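Below you'll find the structure, written out as structure tokens, and then a few comments.
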């Protein structure tokens, strides 16, 4: 059915989480004002997504077959706890890494891109490796969108954008344009 | 019907499992850090303006918790906020009088003469680069509003006479305007000190008034009319020294023909003259 | 913003924390179970009806159906397919005669995965119907794969021997050719490809025409977990 | 690629403005008659201002020391005329600001003659004495920056100067002072160069001259005695060929590392005028009291190359040249690329002033500013390979600190970027604004 | 007095502190499901239910929940309500549920909901908390509806599936595509800003007039 | 006082200017596009005139409408919005309803330029933004191609042009496919000479490759464009197709076909080079060009759409701030790359 490269490209470009699924918009709009922060947040998100994919697979395979109706609550609790645990671990083991990435972890855990990843992967019936590749594509896609937006926003800071539109309105419009540009990727590698 | 049991069982199981793991983690992986720092930081305004003399809000919070600074040194916070912090940290808020930024110049477009026409980027520091921006008085306000842009708190607006009007309510005495002005015209003074010299020209007599009709010509009348020692002349300008004499009274300004020394209550340039100028 | 000033400063014991969570989980588990149990019948019925309607649509003349999976070298009737186990639906007419298979299939389309169900008549190697179950194709273009009656109608008697071919509009001449939708060639071809691929995957597993499993229950099977 | 570059004997980027030198290139240097009022600002050079040693009412004679150096990076100041000190106070300078200066009223009947004496036995002077002498003589760089010449002579231990490079490029349009000096006083130039070379212990003297002054190249070559360690290098005509680091690149194909000085690559660069001033002082005993100034531009009635006593108001110089034509809009001290516009005709001619240019409406009208379209022409013009477009945008947004990462302090304000900019963005001004903010911003006391 | 305050809380959420237009919260469902008015309203109602329900619970139990685990408890409470909403929709309106897809479960992660618990419900008495939730949820619903309506009208020439412009209307497909969501919301926010700006300007003029009147 | 001194002007040095100005550069580009514009009128008759006029009208209307009240009309003088309108028009199919063309011009300027603060401030190419908007909004109308006028003469107007505002297009019976569409969906190759001289179906301005090249040479001689960008795009495309050709020469387009088909030349010479939205640094220009070339081929060969120039340029526009930032030139006297 779905093959791994296509899953990856699809999550990365064609069905970019932010730009076509509207997932994780809060950090997308909130944190993208600085390039460096965006890159770090993106990496942290990718990491959490990988963790999520593993958690989701474990839950789906071992727990939820007995109680499918607990899917949502299990996902959210397990993911949140796991990430929190990892956060503590990083903080203890490598303060440098923590400063670079860790501070974003709590922020990310409660955003919908993570939960969305778990739910989509489950809905599509992805197995372990498919889930991992999907998470990787989605995470890198998220990072890509975030970094592009951050670059654009930093540059736009030098533009004389009218006062009325500065702020969220402008960010949304930039995101819209970006999303329009990403439409160019539609159908990539699906027809051949 | 076994799901009636399975669900709660799983839930409780997960709750217990992760509760335990996190509890253990809390114990063994905890990194010591005074939690008060974070709380204090959240109570601060987060503008990272540096008005407190620290490089930003977080360092200020650290110092607050360490007890080396007073909460009131953050001039940007509202009074309630400062009290909240003080209460939280159980320290004295410290008292600091409200400071406002005042302009040592009264020579707007109508009073100070222009000797050449400046063309180029609309900014004071930029204009100052080009033969002083063409303003006759090379100590006075250029009127291009670098300070207006610099003020984070929207406290400065250029009035119609081309002078920056500081809103005493909004001014938080962050020193942004002081730093921005290429002519170094702003001074942070306590709001309660009403006597203020709004001229910066070190020339005396006609040399001064020739450049600007409201220039201080160093006539010395204010020195004579004020309480002894309160005002002295330095570099052809009156200097007010509250520690050296007093008390200050409005009489000192009555005979100043150019309104170089004024008795301020509230904002500067509120007098009729600049109002009229605004109407022109 | 936390007004931390008046928050409690004593740390409650770990036990209390764990217990609070456990109790919250317990209550929530019970609540969820409640709603689940009470909505389950409707949901199952809805799903079954939907599936049945889809199957009846892609297999004209069918009035009964059952789920079939390929286990240990043969196609067997099941009540409920296991997860990750490909399933087809056998369709039977009023006289309990086998009519054809309704095969669920999915694959990448122009935007995202397209999921379809198609009816297959093994005797003549004909595709006899196609229904799009899920797609995110562009409105106005790609969505014609289910909105364009002509295109959908094209699948009513399409030879899949050896495979279906999508051709430019108005040029289909052979029994295995279908007109692609102008402006949505990619989506059209995607449907065709999905059917072809799924067909290939199943072709070795379906029993010879005539030896299909006969219908077991007169009640239609539940499709729980099939998709 | 490298070898190819080596062959080119040039620096990269830069611009090609029209020269506009025809107006004055063939006019011999004249002397302006003495006037009445002279104003000698105490800070005529980079560094610490000099300190007045005369008082109001005191009589001074031409060439007399009237102010002493205020520190090491500071020089002496001499009275340009015989007369009376009228006042010591604040006067408006070229930068539009008031600054301390000595005002002298020239004696109406004095001859204003300085005796060209025997000069000083420079060979007998130790290096320290020589440097001190240069400092007291008030000699500063006449190439525009007015950097005290003696400071450049004080080479720290471990640094050896191998080449004395004499900057005769005069790449600024309109200006012809160095050109005329080279034509009219080649002996003085070579004598001065020899003094400098020996004192610096350099191996050779190189005189770099832009190829558009073939007469100057020829005359100097004629005056070089065979065997002298002097050579003339003709340079491609391109602005800013005269910027010292560019010229070092062109002549020696060496890039002076950013933040370092020519001496760090073993070169000492001096302007032609500076060298002549050295010769005048050590061979004839005349300190720096006057200089050659080109008065030119479409707004001047009679353009000229003039010897002007320092402190002469621009008004007097312009009057001598027949006054201003109607429609005059703009006056510049220095060249049109790097000079400073002046706000008043009363400002005095200073040591670093090589020209007075007068422009009319026609020149000033076409500077309408458009938004930056990121065309990149400024990048292709900047000889320092900076990104002027970005610097200008950042400066407009008042993001001065961010500009450090774009090496704002490497900009020498040559003006190539603004010259090339189709949108007429005042890039140099914006860059200077940022530098000023970064260096002079009044930081609140912590 | 008390009534008044509740009313304040309510109106605050609907207009002044509108979660979408003023606070920019809950953007994901906002954009993801507003390609038609029906979906927008369904989502709005589901969010309404979850927000009000969990605010009520959180506020009722606010003194029992230890601070350290409060977030976890909130999440469990919210997730329970969301699951309930999910199954209810699935049972009652399977078509709409299919359209909303994964975004119903994603209500859990809607920053608005957790934010309200943290900032309001866990600190104030039940009555106020519920009013606040009702206000916020209504504001969110209205925002969803306005966005969904604009997008459906332009993108499909219809509102709630009813064709408005006749059969020959050329739909603006972009409106139902992802970019249309971003762009429309951006433009709506622009108008919101414009409105605020005009109001401020007006107030300033009034103040100015008063000052010069003295 | 004596004679009155002139009122002196204070303007920061340098006081001389090279002579090229931004409006002049815009006019140069308009001039360079003139041959291709005339050719489009030759091929598509009055329809071309109407569409171009509508686009320019929409662009000018937006520019005028949203300008500051006091500066109204001022920003029209630099002709950049006319250029935007013209370029947009040249990328549209000849049978497009005029109201859509007008809308495209309007949106291009409004969304692509005005909200960013006007000329020079925008980060995306306004003309292409307008086109991307149209393509996403009216995908059917935007992908319906009509062949060049054969008979009918200059005065012929495609019926599609005249659709009422907001109303559907009655799809032209005589629609045909573009060379790229033929290549992608029918594996049918159009002869190269047709591509070069313009006897193909396609958008107004893209049909005649040679005239576009001619204008490019003119702009290059006038130093109005950064030659690195078109060169690197074209070279990348050629190399990319040559490599694909090694695998399967029949399935993939030949290098020359790739260069002359579709909007590549128009995009590479006139749109990717829009100075505002492309990197300023020389190294950045190379990266931008190579990136655009790769994306064009990726979308053309592996993507769902037959043509990808527009999306490729827009995507690279989005990456331009990053490219610019990480390709700062080496500063004189500083060894390694700065930053």
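By written order: A, B, C, D, E and F. Residues from 1 in each chain.
Just so we're on the same page, a contact is a pair of C-beta atoms (placed from the backbone, for glycine too) under 8 Å apart; a residue touches a chain by one contact, two chains touch by 3 or more.
All figures in this text were calculated on a predicted structure; none of them were measured in a lab.
S.K.: I need the common contact partners of chain B and chain E, sorted by label.
M.R.: Intersection of chain B and chain E contact lists gives A, C, F.
S.K.: Which is the least count of steps on a path of touching chains running from chain A to chain E?
M.R.: Each step joins two touching chains, and the minimum needed here is 1.
S.K.: Name whichever of A-B and B-F has more C-beta pairs touching across its two chains.
M.R.: A-B
S.K.: Quick one: report the Å distance separating chain D from chain E, using the average Cα coordinate of each chain.
M.R.: Between these chains, centre-to-centre, one finds 68 Å.
S.K.: Round to the nearest whole Å and give the separation of the Cα centres of chain A and chain F.
M.R.: A distance of 33 Å separates the two centres.
S.K.: Quick check: how many Å separate the C-alpha centres of chain E and chain F?
M.R.: About 40 Å separates the centre of chain E from that of chain F.
S.K.: Could you please state the distance in Å, as a whole number, between where the Cα atoms of chain A are centred and where those of chain C are centred?
M.R.: Distance between chain centres, rounded to whole Å: 28 Å.
S.K.: Would you mind listing the residues of chain E that make contact with two or more other chains?
M.R.: If we look for residues of chain E contacting two or more partner chains, we find 69, 72, 76, 79-80, 83, 87, 173-174, 177, 179-180, 183.
S.K.: Could you tell me which residues belong to chain F and also touch two or more other chains?
M.R.: Chain F, residues with two or more chain partners: 7-12, 111, 118, 121, 133, 136, 139, 304, 324.
S.K.: What residues in chain B touch two or more of the other chains?
M.R.: 3, 7, 10-11, 14-15, 18-19, 26, 115-116, 119-120, 126, 129-131, 133-134
S.K.: Which chain C residues qualify as touching chain E in the complex?
M.R.: Of all residues in chain C, those touching chain E are 1, 3, 7-8, 11-12, 16-17, 20-21, 24-25, 27-28, 31-32, 35-36, 39, 42-43, 46-47, 50, 138-141.
S.K.: Report the residues of chain F in contact with chain E in the complex, numbered from low to high.
M.R.: 111, 133, 136-139, 141, 163, 166-169
S.K.: Give every residue of chain A touching chain F within the complex, in rising order.
M.R.: The touching residues are 35, 147-148, 151-152, 154-156, 159-162, 165, 170, 173-174, 177-178, 180-192.
S.K.: For chain F, which residues count as touching chain A in their complex?
M.R.: Touch list, chain F to chain A: 111, 115-118, 121-124, 129, 132-133, 136, 295, 298-299, 301-305, 308, 310-312, 314-315, 317-322, 324-325.
S.K.: Give every residue of chain A touching chain D within the complex, in rising order.
M.R.: 157-158
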